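Two complexes, one shared chain (chain A), two partners (chain B, chain C).
Showing the complex of A and B:
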């Protein structure tokens, strides 16, 4: 009986598994293999197997600089998203017009990703909206807003904020606000109640939002490419440059592996938090069964 | 001069400028008593509780707690704590930490916290559950944690908002007894909100029966059951038979009412009545007797005897509930079974019976209205 159900489940999940195997797992295996091969003279890869791609990367100071920049830009952008997303999600979840606000959060997705980055270039550029306005107010030299890490962070926050707001919204929306009343009844000020009761209760949503922002931010390519310049280049740009300009496939594959490593680490942290929660859920089930026996 | 714990003076609460939840309520709750606010859902009882707790401010009127005006004082600065309807336990904290919550906010010493929480664990019989998470607890255990959490900070008033509503009947009875024990032990004022009259009756010192934002009657459980002021209270607290009619004859101790439906019936003159006056009387079913033989009235005692046919019997073990059709109308009679199968000739459906009661056993409703009288 049970094995039959398992078999049906297997059949149903087959297309999905197949899809991921063909388009995700196999390409990744190819990348892993490439990262251990020798670079061909005209691009591509050739034998023999070597650790050269990794060793060259590890002794390159420029590489370390970009890696470090990628991590801190992503972290700061994620933190800003949490800071902006929490109050916004709280406001939406407790508003009478939540559907309207949710739609407003999603509306930017209707415009193409690249178009929106170009939009920011128009705003931040040397002769852009901000600088023109400031010059009207008497500023002599235009500010260098473009091609800085700051510009990259700004645009990443802008792009990925909805991915933070949506899981936070769904967590807060499920939150029982009587718990805030209970905390205040027991002597907590409103801010204390929010820190001690609301935030811990929605940590699953915070975790999901952090993952949804941090990992895509790590993999940013178009944003740093268009508004980051040399000072704002990230790992994604490095991978692309190694592949297209330097035609060094093993090197770009090796960098991809490092990228995979960092994002996996992030995911592991998230899963660990989740595991603690689901373990509790399992225990609940056991308690109920015990009660029935009594 | 009595010592009052909570005093409400002409308190009115209007929501959104249109819905009057609480209408000019005045109430004095004594220090250390078990007080119940009883009424159907939407009668304003929870709103009163929330105003005492500080979650709502009255639109007008005044509330004092231990003699101090508390209007405008936020809930975290009030000396009352609440046990919420669905417990409102913090899901991310263990039983111990839930109970310790208020003590940690006050930054008490770790040893003190431990001692106080453990006292509460003993009081509420939660030993063995200290490290569990709320989601691992049964309904009754959650209830105990909520009570312990509210009591640990030594409030002067404990507010209970339908605390037993989510429990099954048997557990409810059990928790009720335990609540009573806890009340005796901590000695503070308990204000208990419920729509279940039997809960309120069984443990309260005083009860306020509410309907549509107003307090209809205040008194001891005995008073509201035996002397309801109007048809609403009589009907809400237990079951009852109503008689309506005009007074036809007045004697020293009794008066005769022309009820129309049941003919002319003698009732106890527990208040002054005049001939021709319209009056409504309540007669509790347990005071009505059903027999196959015609009863003989003892010397000097007035009884009313009606003839009817048993329309319905509900056997409950300890008692049987009879509905007897007298003409086109019905009377309720409860018979307590006090002996083992020997106390009576068995009466069943369609039997011709006499329904009778002592004229002294009725109560004249002082106020009109409440519930439509004709079924």
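Showing the complex of A and C:
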């Protein structure tokens, strides 16, 4: 009986597994192999196998700088998203019009990603909305808002904020708000109750949001390309450049592998947090049951 | 019943479009006027799909990585040469391109990589220059030196194109744009690093819109992209010039790609573009000097620079293995690698 059900489950999951194998696993294996090959003059890869792509990257401080810039930009953007997303999600989850607010969060997705970046360029530009307004107020020289790391962080936050709000919302929505009342009855202040009761119990949602924002932010390509300055390149731009202009496919593949490594590390941390949390939940449940029995 | 009717209609549509010839073109953005493509479409009953790229490198990488289905591409000289060497092109049947006689023999003489036009037929020839928005900037040197003016910091862009930026710096220093001398290239690199401090960004996509709107005051770029984008009124405030030290020259040609399915239509299209009246129309759009001798008489607009003014420009050539040196230095400039 059980084995039959297992078999059906296997059949049902086959298309998904096949999809991931063909479109995810195999391409990654190709990238891994390419990263160990020699680059041809006009692109492409040649034998023999070599570690050159990696060794060049290790000894070159420039790569580490770009890697570092990519990580800190993504981290700051993610932190800002948490800071903005938490109150927003809390507000939506406790509002009477939550469906309307959720729709509002999703509406930006109806517009193309690039068009929205261009929208920001119109706002931040030298003759843009902000500068024109400031000039009306008497500012003489327009501010350089575009082509700075700040502009890149701003647009990343704007693009990925919904990915933070939605998991936070679904976590907060499931939260039993009587627990906050209980905490306050037991003498906690409202802020204490939120920090000590609400935040720990929606940790899974925060983790999911952080992963959903941090990993795509790491892979930003169009945003630093369009609103970043002469020194604004991130890892994604470097991968593209090595592939096209430099025609160095192994180097491009090696950088992709580093990228994969960082995102996998992020995921592992997330899974670990989640595991600890679900274990604790089971424990809490067990003690609760025991108390019931008593 | 209604559904069946819709289905039949769709089938009919599919059959009709199958009956029509196709041509799939992979070309530079804003480069062939829509009107020209539409007229060709009507005359020969061929449906043209125009997919675009913004740098030779992008186009090459995509094709090299195995993109299929395109019939025509339009690489610049250095990439035409690479694509011939890499065996990525089909031979063109010149007997079908009888309008080739219209092309200026001086231009064909420059095509050292394909002297008999076996693989490539020139579309446009031009130079890379500097455009200034004169609404914001009145007094400026007509020289690459402009990128050294600290007062213009943050208001200028250079192309995100290794050969173009090195070409500019090398010309400013009085060297060939195809030099492989390491000392000269290092000197150029140091100069570009100076320029880099003053530019907002390296940009291939937005320089035209940027200089027209005043977002940027000075941009290195291709004149035709700017003229294609700007209205007559806006053009009055744009000064496009070839710096006095000279600049790079490019020849963009049509090539037929291996794996092309519509080879006959590709020949028809190339031959159509080389008609004097069509070529004149294109040059009028792009405000470029026409490579097509009889078309020069037919042009209604004054090109922004003439074929004579291009004397001080030098064709960017493929450097093969020596390109590594450029690459390494460019990586240092661009990414600090």
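Quick note on the criterion: the second predicted complex is superposed on the first by the 277 of 294 C-alpha atoms of A that agree within 3 Å, B and C clash if a C-alpha of one lies under 4 Å from a C-alpha of the other, contacts with A are read in each partner's own complex, and residues count from 1 in each chain.
Quick note on the criterion: contacts are C-beta pairs under 8 Å (C-beta built on N, C-alpha and C of every residue); 3 or more make two chains touch, one makes a residue touch a chain.
Because the structure is predicted, anything quoted here is derived from the model rather than measured.
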In the overlay, answer first, second, both or neither for which of chain B and chain C A:127 touches.
second
Please work out whether A:13 is in contact with chain B alone, chain C alone, both, or neither, and reply first, second, both or neither.
neither
State whether chain B or chain C is in contact with more residues of chain A in the superposed arrangement.
C
What is the contact status of A:232 with respect to chain B (first) and chain C (second): first, second, both, or neither?
second
Quick check on the superposed pair: does A:99 touch chain B, chain C, both, or neither? Answer first, second, both or neither.
neither
On the A-aligned overlay, A:147 touches which partner chain: chain B = first, chain C = second, or both, or neither?
second
Which residues of chain B touch chain A in the complex?
53-55, 74-76, 81-82, 84, 86, 88-93, 101-102, 105-106, 133, 135-138, 149-150, 153
Would you tell me which residues of chain A are touching chain B in their complex?
176, 178-179, 181-189, 192, 196-197, 200-201, 203, 280-281, 283-284, 287, 291
Residue ranges of chain A in contact with chain C within the complex:
41-44, 60-63, 65-66, 121, 125-127, 144, 146-147, 226, 228-233, 238, 241, 243-248
Provide the residue numbers of chain C that touch chain A in the complex, in ascending order.
55, 57-58, 60-61, 64, 82, 85-86, 154-155, 162, 196, 199-202, 205-206, 213-215, 320-321, 323, 327, 330-332, 334-337
